[in-house]
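The first chain written gets the first letter, and so on, giving A, B, C and D; residue counts start at 1 in each chain.
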Amino acid sequence: VNSFGRIFRVTIFGESHGKGIGVVVDGCPPGISLTAYDFTKDLSRRKSGALGTTPRSEDDAPEILSGVYNDITTGAPIMIQFQNRNTVSKDYSQFKDTPRPGHADYTADVKFGGFNDPRGGGHFSGRVTLALVAAGVIAKKVITPIVVLAEIIELAGKKYSFEESISDAVKSGDSIGGIVECRCAGIPVGCGEPFFDSVESLISHIVFSIPAVKGIEFGNGFSAAKLRGSGNNDLIADSKGTTTTNNCGGINGGITNGNDIVFRTAFKPTPSISVVQKTFNFKKNVLDSLSIEGRHDACLVLRTPPVIESAASIVLADLMMINNLINRR
Amino acid sequence: VNSFGRIFRVTIFGESHGKGIGVVVDGCPPGISLTAYDFTKDLSRRKSGALGTTPRSEDDAPEILSGVYNDITTGAPIMIQFQNRNTVSKDYSQFKDTPRPGHADYTADVKFGGFNDPRGGGHFSGRVTLALVAAGVIAKKVITPIVVLAEIIELAGKKYSFEESISDAVKSGDSIGGIVECRCAGIPVGCGEPFFDSVESLISHIVFSIPAVKGIEFGNGFSAAKLRGSGNNDLIADSKGTTTTNNCGGINGGITNGNDIVFRTAFKPTPSISVVQKTFNFKKNVLDSLSIEGRHDACLVLRTPPVIESAASIVLADLMMINNLINRR
Amino acid sequence: VNSFGRIFRVTIFGESHGKGIGVVVDGCPPGISLTAYDFTKDLSRRKSGALGTTPRSEDDAPEILSGVYNDITTGAPIMIQFQNRNTVSKDYSQFKDTPRPGHADYTADVKFGGFNDPRGGGHFSGRVTLALVAAGVIAKKVITPIVVLAEIIELAGKKYSFEESISDAVKSGDSIGGIVECRCAGIPVGCGEPFFDSVESLISHIVFSIPAVKGIEFGNGFSAAKLRGSGNNDLIADSKGTTTTNNCGGINGGITNGNDIVFRTAFKPTPSISVVQKTFNFKKNVLDSLSIEGRHDACLVLRTPPVIESAASIVLADLMMINNLINRR
Amino acid sequence: VNSFGRIFRVTIFGESHGKGIGVVVDGCPPGISLTAYDFTKDLSRRKSGALGTTPRSEDDAPEILSGVYNDITTGAPIMIQFQNRNTVSKDYSQFKDTPRPGHADYTADVKFGGFNDPRGGGHFSGRVTLALVAAGVIAKKVITPIVVLAEIIELAGKKYSFEESISDAVKSGDSIGGIVECRCAGIPVGCGEPFFDSVESLISHIVFSIPAVKGIEFGNGFSAAKLRGSGNNDLIADSKGTTTTNNCGGINGGITNGNDIVFRTAFKPTPSISVVQKTFNFKKNVLDSLSIEGRHDACLVLRTPPVIESAASIVLADLMMINNLINRR
């Protein structure tokens, strides 16, 4: 399923080494200014170039094909696409024969009967998050003045001195993971739907669609499991519902309580490494060795903060529209 | 939203102290034997009675109202309901005036303009998970021979000697949280849908609808963020896709790889405690003290393993039907 | 699929001769008064008893199980159920062996591998529309002051003197069909969603779920196909969008234009007749004769106006909530 | 809402005079051959050029951007787009001030607060059906060997001698409507879902999204309302469910019975005519006269058969996948 949302609805498409990547945003309110320039900041933050990111460089210029007239959204579906330019042709049959450990090579091959596009991970590539960021730029405009901000709080198990970890990993041809914390401020009370569409349910749903995510926690999350109720409950301090602590991450009973939404996402290390690994050779039917050449992120986490922000913003745009907190016209 | 699933679709309803709780299971394949006895085991595991669970005792006898004929599913929607019998009438306006910290009292009140049912948490009560377990019993039959098993692996931060923690919490009128691990064995390769409906997305979505859940991780989860790729990747060892480790928790690229699905869920401590707490009095517009009487679980985690199993089984039933791995007739 | 709607969402269940029939209404705004008495009028209009309707008499007493507290909707899902009391036990294997022409006996049997409930048509029975009417009663309250009114405009091809047609059909053990016209007044401009969820799309979707419906047309419908644009276009006469004619039935481009929504629904004659019919005997594998005893409506159309009204009201409630024209709190 | 379908899911976007039109087809099975040439036949049938169709000529060359690798579908979402080339720039503010009778000008303007794209009807234009036809080409491949064929059976109320009607309308600057009949052959028994997703519900839903459709009927449709049960019931003649007549249009209880699905769609005459019409001038707040210049179809029905076929094929592809009759891999 490549669609998400009930009213503010996002549909993504594209492959890493195909012609391009794109997104249809349906249900966006009319009357919002939108030009290609609006995407520059978040797309830049997602771009490669820094130490630990892939040497593949794409200009990622958004083309707005529909849903915008005179630089203002019309209420019709907005389609935004990005051409892939810097793709490298090579023989990808290697990953069909000897699927990369930790990758979708094997699972996608079985699921799609061998017809999946193997080039650069195809539709399973992290490059598809480009579409998510594009949708997120629109979502952020919809939910203004809510501010959604994500930052890396841990890399390779270290809370500070990130750079050293990255440099080490790059040198050794290995990769590292990390944790991103996201904070949403200015949230009204009452967002989130009973039971299945709790705020946590929706945010976790979209966040786990981002490649390499393996865990999520809200507020103090896994730490809460070690506490007593008397130490974990957030005391309500005023008539606006402000709490003295925010252990619940701004959500009670699945519904926002007006305090900041806070959640943390765990990214595993990029599975693509140049270190030689064992894997099964399905062609020869023997255990084999695999050395992954190509261009990869030694630390993909560096590029994820705008992706996480986009995921959260898309959920909030949808919930606020469902809850009549944003007018559709 | 009280519905979940695309083909195997669950709709829940009911309140803690209303007339009852129930669930409609739509899209269940015909031809599956189903009687009230099938629910006994999992409903019993969810029941109260043990130290640390609520003294409220309900017989939880399921009534199958539709979708079953001659003890066999027909393909029509299955409705199962449970009457509430052991409800205690009292004045709940207390929780409207002084909402319980950590509860949905305040958020539900704002969201629903003061019209929500305040008795025992209403629709936001953990009692609604009874409906989830009923649906899970059916889902487990659908996905046979897959085995889904959840167990508590940590309570109040301790991996063993749980009883002491529970006893301490009960004595002090406080509550404790914990962590539940769930393992699904016998999964075929290829379940899960591209991007938004990854296995992790769907399981986390439904798991976060369970009251008190604040975190989830798949495979080694948050620990993966501390590892290098060379240490985290699971090497493929044979032609069935068996991996030598299972750090990914049975899921690559959002798609099952045939190894066990493994995930852990963090439950916060029950917010209802008899320890006196500060909270805001919205009626008097001053900070106030609250002492929660009533009957509560000092350790609700004890009752959650069948709930978690049900959540996972519902997702797997849906995914396997979407993937043509279960025939609808 | 037994659910319909995006925000105001209806899920039905039940069988003709099972324990009962019911509906879950999810997404209903809180703060609406609702008691069992509110259902009396429309349930009575749907009841049998008149000439041409089935002698089966049910009291159709609604039980509101959830979502209502102190006779006011809470925002949680509302479940309403009806027990079946006046069911007649008999051998239904006849309809498995020799499926009734014009009925779902054969198609349901094949679809559900022989496991469908054959008693009185099971889940395919017109009795399930009881659930739709219950949901419609709530929907009508939600969309107040919009008025939705349906009436029979033709029976057995006759525009007047209905009674004679009915009496003739009953005497000869045959059945008749008819046409129902529905008019919705007080509609705001701008309901309906672009492309797939046009007002006509949604109304026709739910109307065709009603057993025996074979056609629908909006405004002048099939007659429009015979006209020229100059004779069919509705001229806009004032600043409120009032048109001098209403050939379009209140809908342009799938969106309401503020004039009355008008549509007509064609019902085929009840397929159950006591006239002897030929059908195939699947047990003996020969052509056979079938005489349907049982209790049936010679003219089911008589009971359908509240069903059609409910269908339209459910769509309008959903569209107005999507369009922010009804506040959720 | 610009998406339709549960498993085989179509999302459309684009405007008449914007940069282009397109569609995302999600859930298409992998392994189906697909090239730009496959679209030629149906796109040509939809094209203008004949007497009674618009002089606007577009080459309608499909660009397949994603979801296809080596000319074979991969299982990932397929995006197909068409550039608009032959757009004529002019002042469209006329239709904001004096909305065209019978058009979406007024309703879209109110719904979207004046921000809708007014050029050539924007997203409400019949040109958007180009996306539907593109999706239909894929759907037809999915449901092979089912054959879906639509043809015009009436124009301007005449069953033969269409040409004269068209010629007359063109000469007088007026327009005509008509009726299209669609027949689907080779359908397996058992497609269609209980209650809300009856075959009629789904086909009517998507058909009414096509601009200018005002009525639909299945089998003998509105004529059935005039018949008696004994004359309308289709007698089952053999063990395959073949019926001696097909008054029900291949559908009983919302489920296919194996006979041809037959339905008729009524198109109103194109609202755009050069005949002078009265309409309200919202700028001057007076009744005014409007003469529509531009390029229009005097008889848009001529171009609709492939659109209707596509709509039906999209529904059938989805239902057959839901029903496990098409394997996803």
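Here is the rule we go by: a contact is a pair of C-beta atoms (placed from the backbone, for glycine too) under 8 Å apart; a residue touches a chain by one contact, two chains touch by 3 or more.
Note that the coordinates shown come from a computational prediction; the quantities given were computed from them, not determined experimentally.
Enquirer: Using the contact definition given at the top, which chains are in touch with both subunit C and subunit D?
Expert: Chains touching both subunit C and subunit D: A, B.
Enquirer: If you tally contacting C-beta pairs, which pair wins, B-D or B-C?
Expert: Pair with the higher count of C-beta contacts: B-C.
Enquirer: Taking each chain's centre as the mean of its C-alpha atoms, which one ends up farthest from the centre of subunit A?
Expert: Centroid comparison gives C as the farthest chain from subunit A.
Enquirer: Calculate how many whole Å lie between the centre of subunit B and the centre of subunit C, each centre taken as the average of the chain's C-alpha atoms.
Expert: Centre-to-centre distance between subunit B and subunit C: 36 Å.
Enquirer: When the C-alpha atoms of subunit A and subunit B are each averaged to a single point, how far apart are the two points in Å?
Expert: 26
Enquirer: Just the number, please: Cα centre separation of subunit B and subunit D in whole Å.
Expert: Centres of subunit B and subunit D (C-alpha means) sit 44 Å apart.
Enquirer: Residues of subunit B that touch two or more other chains: which are they?
Expert: Counting only residues that touch two or more other chains, subunit B contributes 1-3, 6, 12, 75-77, 108, 111, 123, 190, 194, 323, 329.
Enquirer: Over in the complex, which subunit B residues touch subunit C? Could you list them?
Expert: 1-3, 9, 11-15, 18-22, 24, 26-27, 30-31, 63, 65-67, 69, 72-79, 81, 108, 111-113, 115-117, 119, 122-123, 329
Enquirer: Quick check: in the complex, which residue numbers of subunit C touch subunit A?
Expert: Touch residues, subunit C against subunit A: 6-7, 75-77, 190, 194, 322-324, 327-329.
Enquirer: Subunit A touches which residues of subunit B in the complex?
Expert: 1-4, 6, 12, 99, 101-104, 106-108, 110-111, 121, 123-124, 128, 154, 156-157, 169, 174-179, 189-190, 192-198, 200-202, 204-206, 208-209, 211, 213-222, 224-230, 232-239, 241, 243, 247-249, 252-257, 266-273, 275, 277-280, 282, 285, 287, 323
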